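Shared between the two complexes below is chain A, which pairs with chain B and chain C, respectively.
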Partner chain A sequence: MGEEVRKHPIIICRCRDVTLDDVLKAIDEGCEDLECIKRRLGLGMGPCQGRTCIPLVIGIMARRLGKKPDELLIPKPRAPVTPIPVSLLLKSVDVKVEGEGGDENA
Partner chain B sequence: MPGMPPLKDRRIWEHPILTFKRGRRVKFYFNGNVVEGYEGESIAAALYAAGYDVFSRSPYKGRARGAFCMIGKCSSCFAVVDGVPNTRTCVEPIREGVKVEFQEGLAEIPSATGGLEGKDEEVIEGVDVLVIGGGPAGLAAAIAAAKHGLSVLIVNEHFKLGGQLIKQTHKFFGSKDLFGGLRGFQVAEELESKVRSMRNVRVLLQATAYGFFRDGWVGVAGKDRLYRVKPRFVIAAPGAAERHLAFPGNDLPGVMGAGGAQTLMNEYGILPGDEVLVVGSGNVGVIVSYQLLQAGAKVKGIVEILPYIGAWFVHAAKIRRYGVKVYTRHTIKEVWGKDRVEGATIVRVDEHFKPVPGSETDIPCDLVLIAVGLTPDTRLLAQAGAVVTWVPELGGLVPIRTKYLETSVPGLFIAGDASGIEEATTAMIEGEIAGLSAVVRAGADDAGNAAERREALLKFLWDEYRASPVVAKAKAGKLKVTVSEDEMERIRVSNPPPVRFGS
Partner chain C sequence: MREEVEVLIIGAGISGLAIAYSLQKRGVKDILILDESYIGAGSTGRCATGIRASFTSKEHVVLMKHSIDLWKKYAAGELGRAGLYYDQSGYVWVATRDESAEFFEKLAKLHNSLGVNTKIIGIDELKELVPPMKVDGVAGAMFDPTAGKSYPFDTIFAFLKLVKGRGAEVVTRVKVTKILTSSGKVTGVEVKGGKIIKAPTVVVAAGSGSRELLGSVGAKLPIENIPRHALITEPYKEAFKPLVIDWDTPGVPYIVQSKEGGFFMGRDVEEKPELPLTSQRIDFMPKAVKPLTKFFPWLRNIRVLRYWVGYYVTTPDHHPVYGPVKEVEGLYIAAGYSGHGYMMGPITGELLAEWILNGKPHIPEAERLTLNRFEKGALIKELAVVG
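The block that comes next holds the complex of A and B.
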């Protein structure tokens, strides 16, 4: 095997190709919780919505910053928690709900 | 597109204990080439069986990607299917003539004429219990609720019911009413036929609950339409995802979750690799190694960072008989290969788990399995407003719950791996407890049988099943997040639930 097949990055988020170096750099530049990392790197915002990367990053940040996972401001998931084709959303029907109408995020 | 490996037949035709029931032959296309699979296979499985293991290039770095979790939890197996990009090929069944194409980086915006044609959303009101997830917990919950006359809607992400039971080929321990003596996939068959025989249970396959909304509406996305569901109660049993590790090359095709390999091998009868390195010597790592050996693969070694094997003795003894090398006090340093795994380097660690320079070993292999545990898939529960907390013993973020498995969102219950990682038997017990809780709360327990059965299950679960020292860790974790009704009321005061069920 040649050298090139040995030099792979460490991928933390496969959806958005975020690497361990990206995460460590963001921490060194002052990101102290997951909300910050998410906004900076888009972690957790790809098609799998953080199912792989968030547990990895929680471990990395907890160790690096000496914090407990619950102190890392784990981002609140929002609907839709999984990607939905726009063509389906366009076929939504109007449902009269109690209160003043349209749906909102819970 | 990366260079293709020589095409081969990865299907397992002879197996010492399993016979694979294959459906009728189905022809479809990958990049214009005809691929033959069998009805009931996923696209990812059928491609893999034919030797295609790279389905896309990643969006920003152009890295090769293929199968990883095989159960629709990650984003590795994306391809373009009938013009629709980002399709999870592992949970998409093959169909005659379906056109699968390699996805080169970021998807194009689908045109108005191509791709999916949506049907009108269906509004489902008046259902008593919405069960999210058709694995062991969800099916047990559905059966318990439906038995007492409640109407049940099951939404299941996969195109088959049964969750991860369908890839479990080992026999269950325990008594007959806990399915002792049956293999996991047989348990799934029993649960499924029971559910299918109940007229007050409706099942939606390839359907994902995507959010909780005002006034207790739940959004469900099906394959060709949305559903808007207004249930009286919700039982969430969405399962778990595999944990991953950070090492160079950890995204190469050929690095796979142990569960992903079990899906290929045990469910579809497809050999996931010829020469395998397994990372993690817990039960899953050791069981998957044994199953690989039975299926005809060579297990090059099992890597374990601790000084001892984590698996229960009964499982560890099986691989010992085969002489599989277990590298204790070792970790994986990197994986190498061009576009797919060609080998891995492992390294010894010191007592602080730090790699010891100079102690590296190169291991040529074409498959590296990550068997380092699962993490509960609780995103939907957190979106619903259920208070979650990080519990390492349970694999990650889990909801706080009462002993009856109700979360801080009234009328929203949890069961199975999403309530904290254990295994299929506890998942079924929790599912039944959650189902019975809905019965009791709905006022459908006329004779008091449901309440009585629930107490008996709770007693068995906590005092007998979880009394075993081998599950002490999970028990400790579950104790941490199980609170009294009074405590839950206090939690609800400080974290007001945005939606409420159960009225």
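The block that comes next holds the complex of A and C.
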């Protein structure tokens, strides 16, 4: 890497501002799979759920720990896969039929 | 991995790690903690971060008061330096029915008599504590200033760092299949693949997996693993500090803002015990947010990021099971918190360490929580199970 690049933190997870240094430190402190590093650093827990950072971290961890990518326990995506506004959820049939909870506008 | 160890703990969640920490403080060095998954993979990492002593049984109030004292002590010491914190921002309980407001008054009296300074608050104080709340229809409110919140992974990684630093071995991805005994005494465990680890003391702190483990020695642990759901929104600037409970809506919805700014929300929806954690309940999301938009209309404009499932490892009386398993000498249990295992973690560690080393805990209320209470029919009554 050139001098100019090294002056700045290298961002791995753009949703949660996790840097390469953070990732390397977590691995050195004992995180041996993605399930662990996800929860240690919050990467993959932002709006994109790891679309950018998880592939990057797979490569970093695999090289650092000498493991195969499929040994790294890739986290499962959670619903909703993309962020959903609450106003949209309120239009769901589940709450219209339910009729409880006192939302005067539903 | 060690093949012989003084104390073997099954489960690397808050309970197992806190028990190891408390044993180490009392001089036990040779400890092995096994977990079938990753650190905190069970109910610890899936909880909604709340901590409180404002319960409705003497046992819960007393134990949680001790636990909160420990949360504060731990946050101020070496565990705090390793990342554990306790944000004592309180719980606010909101009633929309007059009968519930009256119930709060009784509850506050009970708490006060046990040294927890819960208090009834008026609308003005409610607005001060939760400024962006619409208070129309509120019949009464109660505030527990000793309650608070703390992010589970900050907590357990702090415990992990310290217990490993003092020589405990923590191994993940190893499933214990059987507890081994000989002439009524525990001798160790067998793990998947057939390997045997010898230990004269075994502690089951395995959350939803605890029933099966005790079953391997013929002891009956009456727990049901009931799926509970929580969601979190995108992060926003701090809007309010306390956890807010909507007491009068069925399923008792709650909302609390995380350290990063996301709003955690949860509500009890009808569920079948033992459904796998991967089962999806998309209807949970609208059902949880809808009642809360009554108090926080601005929620409509924010986005839900993720939702997940965790188990309330629930006993018939909604209280934990602590202490020795009388059928088997050297076998101990700490499980069945019915939704409160994270907040009880620090006191769980102390109680089990005392039971193992001294034969009894220093808090008399804990002695009523042993496994044999179910046989004796000496159940404990808990009226308010939330968050």
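Assume the second predicted complex is superposed on the first by the 88 of 106 C-alpha atoms of A that agree within 3 Å, B and C clash if a C-alpha of one lies under 4 Å from a C-alpha of the other, contacts with A are read in each partner's own complex, and residues count from 1 in each chain.
The working rule: a contact is a pair of C-beta atoms (placed from the backbone, for glycine too) under 8 Å apart; a residue touches a chain by one contact, two chains touch by 3 or more.
Not measured: the values here are computed from a predicted model.
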item	value
First, second, both or neither for A:Cys36, with chain B first and chain C second	second
First (chain B), second (chain C), both or neither touched by A:Lys67	neither
Partner contacting more residues of chain A (chain B vs chain C)	B
Overlap of chain C and chain B interfaces on chain A (superposed complexes)	16, 46-47, 49, 76, 78-80, 83-85, 87, 89-90, 92, 95, 98, 103-104, 106
Chain B-facing residues of chain A, complex	1-2, 4-12, 14-17, 20, 46-52, 55-56, 58, 60, 68-70, 74, 76-85, 87-93, 95, 97-99, 103-106
Residue numbers on chain B that touch chain A, as the complex places them	58-61, 63, 65, 68, 73-76, 78, 84, 86, 110, 115-121, 123, 208, 210-215, 217, 219, 221-222, 224-226, 228, 241, 243-252, 334-338, 342-343, 375, 377, 379-380, 382-385, 388-390, 396-397, 498-499
Residues on chain C engaged by chain A in the complex (per definition of touch)	37-41, 45, 96, 137, 153, 157, 160-161, 164, 172, 233-234, 249-250, 253, 260, 278, 280, 282-283, 285-287, 289-291, 293-294, 299-308
Contact set on chain A toward chain C in their complex	16, 29-30, 32-33, 35-36, 39-40, 42, 45-47, 49, 73, 76, 78-80, 83-87, 89-90, 92, 94-95, 98, 100-104, 106
